[in-house]
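The structure under discussion is supplied below as structure tokens; questions concerning it will follow.
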Amino acid sequence: MILQTALLIGLVIFSVLAIVLRDLLKSAISLAVASLLLGIIFFRMKAPYAGAFEISVVAGLITVLFVLTIALTKSGDDVRESKIANWVFPLVFVAFIVIDALVMKSLLGKVPALPAAAEAGGFGDVLWRGRTLDLIGQIAAILAGVFAVLALFRKKDKHE
Amino acid sequence: MSNTWYLYLFFAAALIGAGVLGLLGKRNLIKLFIAIEVLGKGISLILMGTGLAKASLLTAQALVITYIVIEVSLVATALALIINVYRQTKSLDVRGLSKLKG
Amino acid sequence: MNVETTVLLTILVPILGSFAVPLFGLAAKRARSAWAVLVSGLTAVLPLTLLPFALQGGEQVIRKPLVQGFDFILVVDPLAVFMAAVSSFIGFLIVVYSLGYIRHEENQNEYYLMVLLFIGSMMGLVFSGNLIFIYLFWEIIAIACWRLIGFYREPAHVRKADKAFLLTFFGAVVMLLGFVQIYGVTNTFDITAMRGTLVPGTAVLLILFGLFSKSATVPLHTWLPDAGVAPTTVTALLHAAVLVKIGVYAFARLFIYTFRLPDGWREALPIIVMISSLVAAGAAAVETDFKRILAYSTVSQIGYIFLGFSMMNAAGVSGSVLFILMHGLAKAGLFLCAGIVIHAVHTKDIREMGGLIKTMPVTAVAFLVCSFSVIGIPPFGGFFSKFLVILGTVQGGRPWVAAMALFTAVLTMYYLFKVFSMVFLGEAKHPAPEGTKSMVYVVAALAVLSLAAGLFISYPMKLANIATTQMSWWLR
Amino acid sequence: MIILFIVLPLIVAGLLPIIGKVSRRVLPDALANATLLALLVYAVVAGRGLIADGPVLQQLSWLGEAVNVRLALDGFSLFMLMAVSLVGLAAGLFSIDYMEHYGAKANFYALYLVMIAGMNGLILATDLFSVYVFLEVAAIASYALVAFGLGRDELEAAFKYLMLSVVASAFLVVGIAVIFGLTGQLDFAAVAAGLKEVNAGPVLGLVTAFFLLGFGLKAALVPFHAWLPDAHPSAPAPISAVLSGLLIKVSGVYALTRIFINVFGLTPALSAVLMALGAVSIVVAALLALGQKDMKRMLAYSSISQVGYIVLGLGIGTPLGIAGGLFHLFNHALAKGLLFLTSGSVQQATGTRDMDEMGGLAKRMPVTAVTNLIGSLSIAGVPPLNGFWSKLIIIVALVQAGHPVYAVIAVLASVLTLWYYLLMQRKAFFGKLNEKWAAVKEAPFWMTAAVVLLALLCVGVGILFSSTVTTWIQPAADILADGVHAATGSWGF
Amino acid sequence: MTPKMLLLPILLPAVLAVVLLLLPRALRLLRDILAVAGAGALLYYAFVFFSVKDLRLAVPWLGMGIDFDLRLYHFSSFILLALAGFLLLITIYTTVRMKDAPRGREFMAYVFLTAAFANGAALANNFVPLLFFWEGLLVTLYGMITIGGRPTSGRTAVKALLISGFCDFCMILGIGLLWSVAGTSTMSDISVEPTGLAAVAFVLMMIGAAGKAGAMPFHTWIPDAAVDAPVTFMAFLPAAFEKLLGIYLLARISLDFFKIRPGSGLSLLLMIVGAVTIVLAVLMALVQKDLKRLLSYHAVSQVGYMILGIGTAIPVGIAGGIFHMINHAMYKSGLFLSAGSVEHRTGTTELKKLGGLGREMPLTALGFTVCALAISGVWPLNGFVSKEMVFHGAVETGSTIFAIAAWVGAIFTFASFLKAGHSVFFGERSKEVPAVKESQPAIVLPILVLAGLCVLFGVYNKLPLTLFIQPILQGRGEAGAHVDFTAHALAVFNPVALISIGCLVLAFLLHAYGFRKGGRKAYLASEPIHNLPGMHQAYDLAEKRVFDPYDQGLKVIRGLSLGLFKGIDRPIDFFFEKIVTFTGAKFTGILKKAHNGHYANYLAWCLAGLIILAGLIGLLAQ
């Protein structure tokens, strides 16, 4: 339990780092680390498939995409970030955490929960039988992503 | 154990908060998208957390996986967009993207 | 041909005919003109065949069921027949006049289409027995007007067209709100089912707002003078003959035929409309633009029609019914005369005209005759209508309002003769010949009709009386 | 085979890049439009028969195994499918000529069909998460389509659209997750049943707010609207038409309505909030539209305003209000689609969207001008066009339900609507021909055909409004009316 | 004699008017013959009608109790006869006088049209036909004045039209009120007490009638028309027809419709109007330098006597008023016609340019002199008789102030005619006018006929009094008493008559004094009075039309119009044109500024919206 909490805290810290760090590459790496931590958390929550996916796809593929983009846009690093935001937002974030904690505490036990439904079968059954439509959706999303990338990187012939 | 899902929810909310604040405060396009990724992590976490609460981890996993796939599509599209923007404007500053207004 | 077929034809012939105009326009200019005259002529004849039916005091309700509550209902009664006959006839004259007037202009297809559509929608409105369909035709007319006002496509003209459309649309939707409120009370839009219902005061306010905007009553009148940028045929159609009468017709249809007006309104209305009349007459006396003067004059005269209807006694109502005819003839005549003059001298400013009686005597005399009729001087038709309205006002116990009305009549006389003197008398500044034959014939016809309507007053009066007794359920 | 609505466009989309290698133009054109036409025919011809005996809940079997693809076809979804296919087809036809100079037609159609598939999936889905999934599918495709021209403005618009959308859908997933956490279910019926058992007041309120943000942003309700006036004008005209005509309605209004009315049940509080959102959208967007010089931007703001009407009507929650809202949804889809298409014609002919530079184009492009006029008047609610009837029904419903203030707002805003449309007419079409455009020609055949199709539909629906209402709107509204708790008054006028 | 015959006096001239208008110029002779024959036929029928006296035609017309109702009885038959007589004379005169006028044909048509309307008005027994014919006269009035052809003719025509129209509109209102009070529009059925609304109705109808007759303050168009309109018109309408009709109606109003009693407020009002008209108009007449203008002011002044007479509400006074009406029509027509004759030959009517024409135009001079003496009330001419009756009536009311006013009028009337006659026909032959001949017979004949009638009606006053006047008043006065005014009509030796004669003498002295003062120039004979302190300024102001209610009224109308336009109409337009658009633009501007294109801004709205909505739902759910 404590480990899990520590992992979660780590997740938050790395996520925040990913946002706060100046250097884009470092942020991307922080994000990857956060994903890794999330994967481990999933794994520890007895959700191995999700954990695996998180680590492989998010920590892996997406990080690669980010790094690629960063590489392609190298000279765009020098965006001057808002000074005020740098001061104010951490404060707001801390306040948010406090509120979050308070809300969660007050919610604790207040929300009546239905009895948990027992799940039959294994993960495969659930995914393939229970969420088949989502699979079609995934295919559609992948198609959309692929076509989108194709469209955005096509050779512009003569528009305007 | 039965209440651990609140823990996940708490942290998920923290992640979402961080992501939203990042979206509001950052100016670098890539940074913005990293913030969205942070937001996504919060969402993954919250999905798992609720799955845990309802003892429907398998469904939750299915959802998270679908979510991740969509996220990948989205990231690909978004990054392609960002690269295109960069090619056009030679800058990654979101403030430069305010030509359309009024 | 029975009544039902005739009425349906009266509505459908011009509406469908209007959409055929571009097709004929593709074929030949002449074919298009012929078609327009044919359709409008047919439309003018059809209501006339209903006159015997109307003179017997007949009333027939035609019902085509649609979604419940939105039934297509037509009410054929003397009032409707009277109105239809008057507007379609004047519409026909104006189409004939147009042959000469706009023959050199562009966009004639659109012009004839819109004019016919206008006439057809007018017929639809006149016979409609469902509030929603009244509104529907009301707005189609607004569309047609809008296109017609902007006919010359000048930026300023189109602006005025937009203003007219917006203002009348604004009034109309407010009126629609009133209809909906009535629907909330009665659960129907069918006016034959609502006769004698006392309507809520707010609904009356809302509906009157719409009527005033269409009938160009102060304070919603300013679009009408501005609409004078349209071709004169259109302004004649708009101002004189048909468009502004819609409001008063709807007033008669709604608040005399159908609903009971709350007492407070019966007190207030005469004063409101007379103030409108007076203000417009004052403005007409100040203006120097020929058509604007006539437009303000229209606003002013509309006040009388409202006044007569609002008195709700036999003299007032039948006077107002008659007024619709007389004013239609005379004001159309005035506008068409103005059209001839403007067409010839290429200015609208009366200060730049003068002495035209020498070169265009027919026009001048027609103008004079129509002026007399508008002012209300016998033996022209306008006398009877104005007299009856004033008589109705006095009999309704409002001598002060009647005095105001008469003072307005003096003002009318003042500005109309000012115009006549400046345009036709005095030294000639722009001697110019009269227009084409079709134009001159039409104004002469209108002048003669104004005179004939006065000399043979008993015929239209009979119909007006029948219409009055038919619709005034409280008089029975 | 309801799933064809999702699968068929996806399959064709998958094939298109390959076909695009063979034939760059003709085959993609034909194939894509044939697909859309097939869907339309299927929806119109077969769909009504399918739901004759009440809503269909289809469970598919695949390779002999029962797989849980649960698709629901009822009056409401069939109505939406029909609308999507119809406007989709018109836009597709328009693209034949219009997308010519963008290049990569196969790619374009592929994205377009994926978007259609996403919308269809969303309409047929019976599961909260599936709704999200298909919403994202359609959204991702639309980001790319908005940026399809790859110009600076397009990219900027697409980027903003994407960023704001992503935030919205993030909140949507959070909401779905919370619902899942409360009930352990995702299926509409199960969630509805589950929510009845759980008394989760404040949490449900929060979820409602999340959903309002999520779907409200998709539907571009004020204050979640800011992306729309950037994104819709920047997209190629047919895409603008589909985005304004369909996407915001399917992924915004439809989903919102489906979930709030059929799943959550429309509480008075929710009804009040929806109506307030609708009214604010109507007024704010109408005022904004008034100040626009860019034709498509004006149309975009107008979309926001009209969506306000739809939400206002649906938010009343009475059967009449729902019917009015749905009817307006359909009418707006037709008319706004039409308007965006004509704006595309104008843009292609003149190369500008700035209305101040246009003027008197009616002379050179009569068909475009007339169809544009029909669309404008229809949206402004001028009879006898279709938009009038739906607005009328909404206003009647407002008055009947005792919301006179909203009725007044709705009415006055329609005057504003007419105002800016008249501005558009005056600057672009009605008026003296700008000498610059003396050589301009009427749009090519397919573009003209598409706008004429929609214009005829606008007029036809207006004249035959009663049969349209009874055939399409009433079944749809009945479905929703069942879901309204506070169902008062009887259906009918 | 069927009732349908009553349409004849209306239809015959109307048809004739159309025919005359349509006859081509070449057939001028035929036109003249037709006109004279028509007028003769009318006169014949008028005699026939006069002998029948009792006939009524009532056909349903407009519904609501409005019938086309014509009634012939002694009063209307008398008016009919008078109208027909004047018509014939004027027609004869016109055939020559308007021969070469550019719109002579039109003028003739107008004359007959006027006759048709006037006959109709005299016969009408229902308010609506009455108004129809009464107001119809406005058309011909306008048309005839414009025929004058001078640059200002149009303006004067409009002035006449506006003033008459105003009076007619007043009458409409009065009729409406009376109708409401009496409950019927059939004139012969109406007799109400003039109290409350009915009193208002009386005043309004009186304005209509007196306005038609040309009483002050509705007279100002007449002097203008004298200059701008053909002189025939002056003899025809203001001098004859309008007086006949106006006073006819005034008498009907005061005698039949309302029960006006001597000494009542309304009687007093009438008398005040009468007296004021007499004095002020005659003072204006006195100083005129143009014959036609001078005559026209007298046409106004004499109306005062009639109104004063009727206003006394005493039989003798009323009879005097009505008798004065017919007398006035005769001599004033005669005077205008002689002025026309002079103008016809000399081309001018300015007193200064004329002089000593008596020798060259003896018949005209004779006619003029007789008529002038008649109007001045010289014994034994008709003017003396009717004036005496009015004086008697005025004295009998007890308010001698009115009698004094009438006498003052008499003084100046005679003085001014001495001046006019002296300057035109007597004295030195003017050098500005070339030698002239007497006018054609067709011009002279009507003048002489009228002059002869003046003498006849004076010397043999029994004829008109018993034939025309007394039946009208039969049954008034003391119940059952037989009315007879002929007894002392020409009596000289009573105080009233002596005072009148004294006035004439005074007038002669005044003229003689002025003549001498003015360097023996007759046209300057009125200058001493003109130059009296106080008077002079008043005259100057009058010349500047300060007292002209028309000009002042126009100023009011213009001011009011401008006020309405600038004060109500334009602000409303400003509201729609500027304020609405400005407000719209302002709101739009603010909102547009908010949409600054920054994505963070938009995101912030979304989040704020989220928070607000969450709060709102929370609030509403409770």
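Note that the chains are named A, B, C, D and E in the order they appear, and that numbering of residues resets to 1 at the start of each chain.
Assume a contact is a pair of C-beta atoms (placed from the backbone, for glycine too) under 8 Å apart; a residue touches a chain by one contact, two chains touch by 3 or more.
Remember, it's a predicted structure, so these values are computed and weren't measured experimentally.
Enquirer: How many links in the shortest chain of touching chains run from chain A to chain C?
Expert: Counted as steps through touching chains, the separation is 2.
Enquirer: Fewest touch steps from chain B to chain E?
Expert: The distance in steps between these two chains is 1.
Enquirer: Which chains, taken as a pair, are joined by the highest number of C-beta contacts?
Expert: Going pair by pair, the biggest contact count turns up for A-B.
Enquirer: Taking each chain's centre as the mean of its CA atoms, which one is most distant from chain A?
Expert: So the chain farthest away from chain A turns out to be E.
Enquirer: Considering only mean CA positions as chain centres, point out the chain farthest from chain D.
Expert: Between chain D and the rest, the longest centre separation is with E.
Enquirer: Most central chain by CA mean?
Expert: C
Enquirer: With chain centres defined as C-alpha means, what is the inter-centre distance between chain A and chain E in Å?
Expert: Taking the average C-alpha coordinate of chain A and of chain E, the gap between them is 102 Å.
Enquirer: Between chain C and chain E, what is the gap in Å from one C-alpha centre to the other?
Expert: It comes to 37 Å between the two C-alpha centres.
Enquirer: Between chain B and chain D, tell me the centre distance in angstrom, where each centre is the average of that chain's C-alpha atoms.
Expert: Using C-alpha averages as centres, the distance is 26 Å.
Enquirer: I'd like to verify one number: the distance from the centre of chain C to the centre of chain D, where each centre is the average of its C-alpha atoms, in whole angstrom.
Expert: 42
Enquirer: Touching two or more other chains, which residues of chain D qualify?
Expert: Touching at least two other chains: 129, 133, 136-137, 140, 143-144, 147, 150-151, 159-160, 163, 167, 181, 183-184, 229-230, 291, 419.
Enquirer: Name the residues of chain B that each touch 2 or more other chains.
Expert: 9, 19-20, 23-25, 29, 40, 51, 53-56, 59-60, 63, 66, 70, 73-74, 77, 81-82, 84, 97-100, 102 - these are the residues of chain B that touch more than one other chain.
Enquirer: Can you pull out the residues of chain A that are in contact with at least two other chains?
Expert: Answer for chain A, listing residues that touch two or more other chains: 107, 113-114, 116-117, 130-131, 134, 137-138, 141, 144-145, 148, 152.
Enquirer: Show me, using the given definition of touch, all chain pairs that touch one another.
Expert: A-B, A-D, B-D, B-E, C-D, C-E, D-E
Enquirer: Contact residues on chain D for chain B in the complex?
Expert: 129, 133, 136-137, 140, 143-144, 147, 150-153, 155-160, 162-163, 166-167, 170, 173-174, 177-178, 180-181, 183-184, 186, 229-230, 233-234, 291-292, 297
Enquirer: Where on chain C is chain D touching in the complex?
Expert: Residues 66-70, 106, 132, 135-136, 139-140, 142-143, 146-147, 150, 153-155, 158-159, 161-162, 165-166, 169-170, 173-174, 176-177, 180-181, 183-184 of chain C touch chain D in their complex.
Enquirer: Which part of chain D faces chain E closely enough to touch in the complex?
Expert: 159-160, 163-164, 167-168, 171, 201-202, 205-206, 208-210, 212-213, 216-217, 223-224, 226-227, 229-230, 267-270, 272-273, 276-277, 284, 287-288, 290-291, 416, 419
Enquirer: Which chain B residues qualify as touching chain E in the complex?
Expert: Of all residues in chain B, those touching chain E are 20, 23-25, 94-95, 97-102.
Enquirer: Chain B touches which residues of chain E in the complex?
Expert: Residues in contact with chain B: 592-593, 595-600, 603-604, 607.
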